[in-house]
Amino acid sequence: MFSVTVRDHMMIAHSFRGEVFGPAQRLHGATFVVDVTFRGPELDVDDILVDIGLATQHVHEVVGALSYRNLDDEPAFEGVNTSTEVLARTVADRVAERVRAGDLGGAGDRVTALVVTLHESHVAWASYECDL
Amino acid sequence: MFSVTVRDHMMIAHSFRGEVFGPAQRLHGATFVVDVTFRGPELDVDDILVDIGLATQHVHEVVGALSYRNLDDEPAFEGVNTSTEVLARTVADRVAERVRAGDLGGAGDRVTALVVTLHESHVAWASYECDL
Amino acid sequence: MFSVTVRDHMMIAHSFRGEVFGPAQRLHGATFVVDVTFRGPELDVDDILVDIGLATQHVHEVVGALSYRNLDDEPAFEGVNTSTEVLARTVADRVAERVRAGDLGGAGDRVTALVVTLHESHVAWASYECDL
Amino acid sequence: MFSVTVRDHMMIAHSFRGEVFGPAQRLHGATFVVDVTFRGPELDVDDILVDIGLATQHVHEVVGALSYRNLDDEPAFEGVNTSTEVLARTVADRVAERVRAGDLGGAGDRVTALVVTLHESHVAWASYECDL
Amino acid sequence: MFSVTVRDHMMIAHSFRGEVFGPAQRLHGATFVVDVTFRGPELDVDDILVDIGLATQHVHEVVGALSYRNLDDEPAFEGVNTSTEVLARTVADRVAERVRAGDLGGAGDRVTALVVTLHESHVAWASYECDL
Amino acid sequence: MFSVTVRDHMMIAHSFRGEVFGPAQRLHGATFVVDVTFRGPELDVDDILVDIGLATQHVHEVVGALSYRNLDDEPAFEGVNTSTEVLARTVADRVAERVRAGDLGGAGDRVTALVVTLHESHVAWASYECDL
């Protein structure tokens, strides 16, 4: 099994609803360093799993669509806490859509799973993984 | 599948029995940077897998109970080498106990596996993973 | 010359005024990983420059007073952009005050300079350094 | 399940064939920071999965045999692009051979899988994992 | 004194002349993770030292002009070993030129020094610093 | 001004005398990731500041002479707390001696200062710098 990971980041504001969040119920923010991992059992005729240029570009677009925003105002997150877990799943879902749509070239046929990790600080991070 | 990781560290002295350990048979020590990963397939009503505040607190207690000690003198490790592998398992077992006891709130029902990684230097680390 | 550094972090929301900031004029946020370095030419009778326990505690208090907040609403930053540079200076000024007030014990006599670095992502950071 | 990882690095020149590689079709190079992970369900009588000294030595030999070379001239890679994925598999195959041959001592019986990760920069890396 | 750093990277091939270099006399390569630090005593009216967007863009152009190349063939390095030290100075000189030319906006007046660090692996790096 | 840094590590046991150290008065230990920086204004005829091979070897010997030991038993540290600051100075003094003795070749003439940083964990480190 092969995997290829590219890293990007986003900077967002948000707040959480629920007593469990303590002071994080206030409006605050985060830098998320985002690692997107593509997994698959075979390489293509060029001896790669994904075109890392295309992967970088599409991850950047997906992450960019969330960055420099107050996620409390984004319709996509209405009624849901934008926890690190939820955001990891959101990034994974949106990258998966592009892989399936053929935006990453032949990777659409070879990539069988994604793992997205969001680092919220040097001491905490969360991941979401899904099959394609 | 979701996962959430929190990082802490401990500083311990110990020695190893067995020729395979070479100079590490002498009394020496280590800083272990400890990553505890909680895994589970579903989020709770607050859209999180674990309360990261509770997770941080309990990992800190488990790691703190080992830190600033000479592990050669700890009854818990009598007759066993406190290798990085063994200490990763020890931390995992002790965190697992707390998860099962409900100390991390509803995470006890949602967390299905733990992975504990102990970094002993910038060039070596070991992990132990177990189902809950 | 000796130096001792402790690391902490804060998570804040803010926006910037000025066209130079582009999309960062919108309300967004950041995790700042904060490194506070104490510098001085001599050690004390205990062979240390600062009591790292006290240093960690006071840095945590200074950083905590900024964290989980929307800095746009903080009177301390009225009329100023809370750029990474400005926040590094703010943390340095507040830690310096505590060092001078004797909150870090004898370090008040030995620490001659501070350097504060705020990492806003894996690809950008800023520092402020000042003599005491 | 236990795992133990050791880190080394290699510095190589190479070029790629295929339009998908863009400017990387030109002769260029890379530092690969190499992480080799040994996995297995049980520890030996010394309470370790692998002799980390032996693991470090053999990984260093495998990595060293590729380093300070132009991989375009290496017969082992004739007709194949030395992508990060391919090199991760090469390192894994060569370490696996040594594990199976008993070069890492009893680890040959206990190690059931390998994962090799090659970091080509701070924003991209690739892995290959295989059962033994 | 303030400083702002942005990180980028380049991937190059090269060889060294001189017995001191041992196996690195052969054609090989490196990924250099490049940190460019701008230093200056004062912030501008927007409360920043440099426009981080412009800084990122110009560092990327300077680094990109070296990347995906065999430096042995570059006229700019004729008769000189492209050691990490030399390449750090080259990047610094080229960024300095742009700062002086006003390419980074008002930073040309405020930035008084540059530090460029090139990381060639996880265990070795080199820097060059110069006044403007 | 140029600088070149090489990284190594050591694993030691020790205890501290003095109430300021709290639980660290007990016998415990640490991994110190050691960064040794050589600084100087000029390069040699090979376009380098130091022979990085020689630098790596001598740093490894200096660090190795401290590693896998209980520093409480080392005559060199009698009557002194082996704080991170003290150990940084010890490593710097011992490397400086070798530079002055010509062990690092021509670097003895070109290196004008050393900086040694010891990372004791992911959240704390200390440095010592001295002129040669």
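As written, the chain order gives the labels A, B, C, D, E and F, with residue 1 at the start of each chain.
The working rule: a residue touches a chain if its C-beta (ideal position, glycine included) is under 8 Å from a C-beta of that chain, and two chains touch if they have at least 3 such contacts.
A quick note: this is a predicted structure, and the numbers were derived from the prediction, not measured.
Note on connectivity: the fewest steps through touching chains from subunit B to subunit C is 2. Taking the mean of C-alpha positions as each chain's centre, the chain lying farthest from the centre of subunit D is C.
Among the other chains, the CA centroid farthest from that of subunit B is the one of E. When the C-beta contacts at A-B and at A-C are tallied, the pair with the greater total is A-C. Looking across C-E, D-E or A-C, the pair that copies the C-F interface, with over half of its contact pairs the same by residue number, is C-E. Centre-to-centre separation of subunit A and subunit D, using mean CA positions: 27 Å.
Of all residues in subunit C, those that touch two or more other chains are 7, 122-123. Across the complex, subunit C is touched by residues 16-18, 20-22, 80-86, 88-89, 122-130 of subunit F. Of all residues in subunit F, only 1-8, 43, 46-49, 51-53, 56, 105 touch subunit E in the complex they form. In the complex of the two chains, the subunit F residues touching subunit B come out as 7, 9, 11-14, 23-24, 26-33, 67-70, 120-123.
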